[in-house]
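Next come two complexes, and both contain chain A; in the first it sits with chain B, in the second with chain C.
On to the complex of A and B.
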């Protein structure tokens, strides 16, 4: 052994002991972990956990914004019992309406988004960008602006576009009252929502489709797939499962949380004959018109439960499994 | 003693017979036509006589009377068009109270050039029954399309007071809005504000509304042209000239009468093939009786009594009666050339006096005919009135009386149920609505019943669900630790591994992972023909359950009315044909599959359909009309999913592209239709041949043996 190698050995052992030290320090020093997690935990607690907990707590109380919340009867379940047994408007109109609206616009909008995204992915980059922007525009404009546009189109007098066209063609003799009669409002709401359903889910799916490795398609063609349909089934969808799941959850949440469109179209809450009344409108009605915050909170909790239930279904269909 | 007894017996018998004979004689002679109501399938069914022909008044010397009204003294006001007069007749004292003629009448003879009016053809009369600042009690309005002003023909409306003095005359409105249309008033009605509602001959724009000074206010309501689908397509494509040559009538059905009742409600009748011949208008003229059942469609007159019960006259001699909600009660009367009380030639006017008697004029006959209501009719009206006045208990008692007369009266069951609904006796209401076949209101009462049940049991339901969930998780946890269910699982696994059960259950996998599954079905040892057959049998059973076994609200055809044979035959034939045709079509289009594979693929696609049928059937027992959407969604998702699976199975089995698959399915459907047509032709031909030989043999037998 010469001096050089000895020195080397010394150096090596020093480095080793240093790193061991470092590891040991890491193990004992929990503060840094907390420090690193703190911003996220703090923000999440402040903006998500506390409001949800407060809402759930409020749902067991009677609260009219002026007095202190009072604990409700029936061990606090008074609001829930009222909703599920006494609230005729809720059981008769709001719940069936919401389910109908959500079941059609959720999966419908989801399918439309996927089809549109897939079609856009088949064309060149420049027109794709322009068209994607155009399709995304309704989501940027928001419910009120869409309401204004479609109120002109579906206006209930002769000056409405649809009525004018139908009258000119001789299909009807008097203008149809599209937005105030209750017979058409729900279907118009569904139509408008589908029209404007290219939202954030659409963008994520477009990105997902564009990210699929092109070589996979080539390989699949060599392996024997024959057509575009098989391409979608065997390559595109399996490769973009995360985006599909994201799109599905966004579609479900969006469908159940929508409420502005009916009020924006009809111009009043409650909507005529409760035809376009969704849970969110009902919450609005109780929370900000009647100031029964406890009741409104209970409704929100029920809405949360429904959304969770349907999200579970989405996870079962698209989640990472097997 | 014995003789005395015998005589007594004979006397009693005699008395009995005579009284019996008398009774039957009365019944037989008084009613000349049957009364018809609706049964729960919406078909006409004979019911008790509602009205019996009463007086027939012949001596008034009427000639083509066109209209009749009742004035404030319960006297009849008759538009005797043929004699150019209006007659006020009192049927109780049997006297002509007044005869109104207007001949060269000048209202202000002192003024020079004052026009003189002549009434020649009064076709419509209206009597004001409620006084206001604009109209006096008993004022008479007369519509005359052929009146004369200084000898020149004009359409006019005369306004007279209750003693027959001419007050006002209204002619054609000179507003430019009215334009160049003719003004030939046939019928007139007046509301409290003196606003006139006029029906003008040949005006298809609707009912003319005129102010109390005779200004044109607008067309009150109009009828829509109803065209068949073919005519609509022709109208869309052809030019106006072509349409004219075809003779397609684009003018809407005409209004025949307008009536304003004591509460100011405006009613109108129309004549023509359309659905809304009886209208009750709101102030804007919109029809509030949008989808009521109307028994006849050539209506000539309408009358509404103080309680809102609607009486209609049909040109073909039918008198119809409807409730104030437009619900059909019954109809009676007929057309016949024989002069028998209760038969009509051209029924033109109807009115009902304060005693409930119907008075009719017939422009073909020259006499007045009255009809007196029977106890049956009066009880029904009384029940309806009590319902409207919220005397529900009394109404129920009356409806029960009607039911004791006629157990099958749908109207009575409906009426009684509505009262029960009002007093919140939902179970009774539901029972009666069920008998009456009224699904909408049954749904309403069922909703209430369900709600009551929920209110009573919700906490228990939640508790039980919670306990069960808890129990489930506890069991799961215990099982994980101690494997207590291992034998059960093994048993299930064993049954699932039995070949045939495994084959059948494979359809679940198919519905979840179609693309791979169809491949395995074809290339690997998955599924079998027997399994496919069993699946089809299950499919058929669940479909049958869906068709025949839904809850009352959704079971539109009664199970007894279903033709089971045709359902079975249709199911088997359609599926068989589809599979065979699909094979024939695909085998000449580069398809790779065999018929057996197509059969298996089709059968194994049926799992969602089975689920859809079963779930929507079960759901239909707890659902009401409110949840009909959910029911449809379940069913259509099942059908849609199964259809997608069939599509994928063809695509996968034949190794087709998307376009090729669509093409082959369309061709298959076309082929199925062609085969069905050919089969029906063959069947018809065979029947012809059979009947030919049958006739032939019959003829031969007759000739040989006689």
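On to the complex of A and C.
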């Protein structure tokens, strides 16, 4: 009898210590999780969230770095009103330039990436790897080296490669000033950006196409699909929507990140006759050259809004509705 | 089934029908490489060939003259080129190492741990995929200067450690690691750091390799931190040095030197990517946004 109750007591204490152990483990697990997350969350907050919040806040102020920021007139909307009504450079050059540039290089680069990825998926593995590397190479060069390459090739004197070809063919009689005249700068920027647009999004789509289940195609042909085009629209794209979306977001970010290319090519901010002036350059102009931080911040907010708008479209096209 | 074309995705052997793709892709591939090749060849041209009219694509008398001159050059303030290169190497190695560690830890927590804010955190990070740093360069500068980082080495590293794309890719990849594996390790008494470094880390190597490449491309090519955060010339990077090179010397002599510098910039990029191409493609299979 005594032995039995002792045994029960032992069991009870074991259960209790087990559950205490479990609780303790849960607690250490929670601490450990916080520790795992902390560095990233902290850095993310400081260098991504706070800058966006600060940009939005500053956009409602007048701030010249020396004095404290002052709340701007017109209920804080002074900067926005100035940008949209008084800033002739912005309205005549920067905004149209940015829209033209972003619409061609964003969706254009995206379409190009998809077409290239699809064609690559139709050939064997080894040549595909080599050709994919060739297409990807320009995207890894970085703005500085891209600037060097195309300043060399489009050099405005007769030793420039393109100029010498055109001269030799007799198409022109004097060298064209590609990068300094403003007549060609925008088109060259678009060309260069498209040339370097097959980056990580392109690789993602290539992997996506290669991973589409082959049985889907077989089934589709039995169901009456007739050609490659139908195959792309009815099978390939719907089965790789997540990768299409990732590619789209990367294309948008890539297009806006490459905004410095005009300045890199022309070698000056502002670019000649504002021909290659994009919002990013306009922000630098006001922020780091004229120190009108409130105004520059309002421009930043407009740029972020444009990026968000583009991304919304991408999510509408390829996002999973929930 | 004669009309069945679908299995020709990722074909095992050559078929005549693939010819049309080669006819398109090979010239496009060459076209993509031509500008790079041209400038790479410029780096090996002696002065006489750089001045030549009409310019030639290929080199006749290759020389290392441009590299020698590049290594002898110094910036206007007397800082030797090798100093910039040294800075870049240190900064890049440091940034990649820390980014991998932070990304792996966070990706693991987001994928395998249970906590309330998990979904929200992942959604926020996914939204941040479209974050364009240059858009908010000024507020970022204000943050850096508030933290007292201006004009320090840390200014090249710390602002770039949180990489939304990297975290996204690593988290998606860790999702593929079976939960049972981690449970088993826990029963054997392994703690989180042990699991992270000994089990999850090795299993998600492809994703880590991809993050390393992306981080490398961002840091190695970046001039932002040298332009904005750092004033002291001896703390600036090689990419920045290259921009001073190209704006200072626009003549053909300068073209040779900047081509040589460009080649030094580009070669590590290319080598790392070639070595890790397989890993990157593995990672990209899990890159979709759902």
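Please note the rule applied: the second predicted complex is superposed on the first by the 271 of 322 C-alpha atoms of A that agree within 3 Å, B and C clash if a C-alpha of one lies under 4 Å from a C-alpha of the other, contacts with A are read in each partner's own complex, and residues count from 1 in each chain.
Basically, a contact is a pair of C-beta atoms (placed from the backbone, for glycine too) under 8 Å apart; a residue touches a chain by one contact, two chains touch by 3 or more.
Note that the structure is a prediction, hence the values are computed from the model and not measured.
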Three-chain arrangement built on chain A, chain B and chain C clash or fit: fit
Partner chain(s) touched by A:226 [first = chain B, second = chain C, both, neither]: both
Touched partner set for A:173, first chain B, second chain C, both or neither: first
Contacts of A:191 with chain B and chain C, given as first, second, both or neither: neither
Which superposed partner A:92 touches (first chain B, second chain C, both, neither): first
Superposed model, chain A: greater residue contact from chain B or chain C: C
Touched partner set for A:58, first chain B, second chain C, both or neither: second
Touching partner for A:246 - first (chain B), second (chain C), both, neither: second
Touched partner set for A:103, first chain B, second chain C, both or neither: first
Partner chain in contact with A:84 - chain B first, chain C second, else both or neither: first
Shortest CA-CA distance between chain B and chain C [superposed frame, angstrom]: 10
Shared chain A surface residues [contacts with chain B and with chain C]: 226-228
Of chain A, residues touching chain C in the complex: 29-30, 32-33, 35-37, 39-41, 43-44, 46-48, 50-52, 54-55, 58, 116, 119-125, 127, 129-138, 140-145, 147-153, 155, 158-161, 164-165, 167-168, 195, 198, 200, 203-204, 206-212, 214, 216-218, 220-221, 226-228, 231, 235, 240-243, 245-246, 249-250, 252-253, 256-257, 259-260, 267, 280, 283-284, 287-288, 293, 296-297, 300, 303-304, 307-308, 311, 318-320
Touching residues on chain B, where the partner in the complex is chain A: 222, 224, 235, 286, 447, 451, 454-455, 458-459, 515, 626-627, 629-630, 633, 651, 655, 657-659
Residue ranges of chain A touching chain B (in the complex, touch as defined): 81, 84-86, 88, 91-92, 96, 99-100, 103, 170, 173-174, 226-230, 233-234
Interfacial residue positions of chain C with respect to chain A in the complex: 1, 3-14, 18, 21-22, 24-26, 28-30, 32-33, 35-36, 38-39, 42, 50-55, 57, 102-103, 105-106, 108-110, 113, 115, 121, 125, 128-140, 142-143, 147, 158-162, 164-165, 167, 191-192, 196, 214, 217, 220-223, 228, 239, 242-243, 246-247, 250, 252, 255, 258-259, 261-262, 265-266, 269-270, 273-274, 277, 280-281, 284-285, 287-290
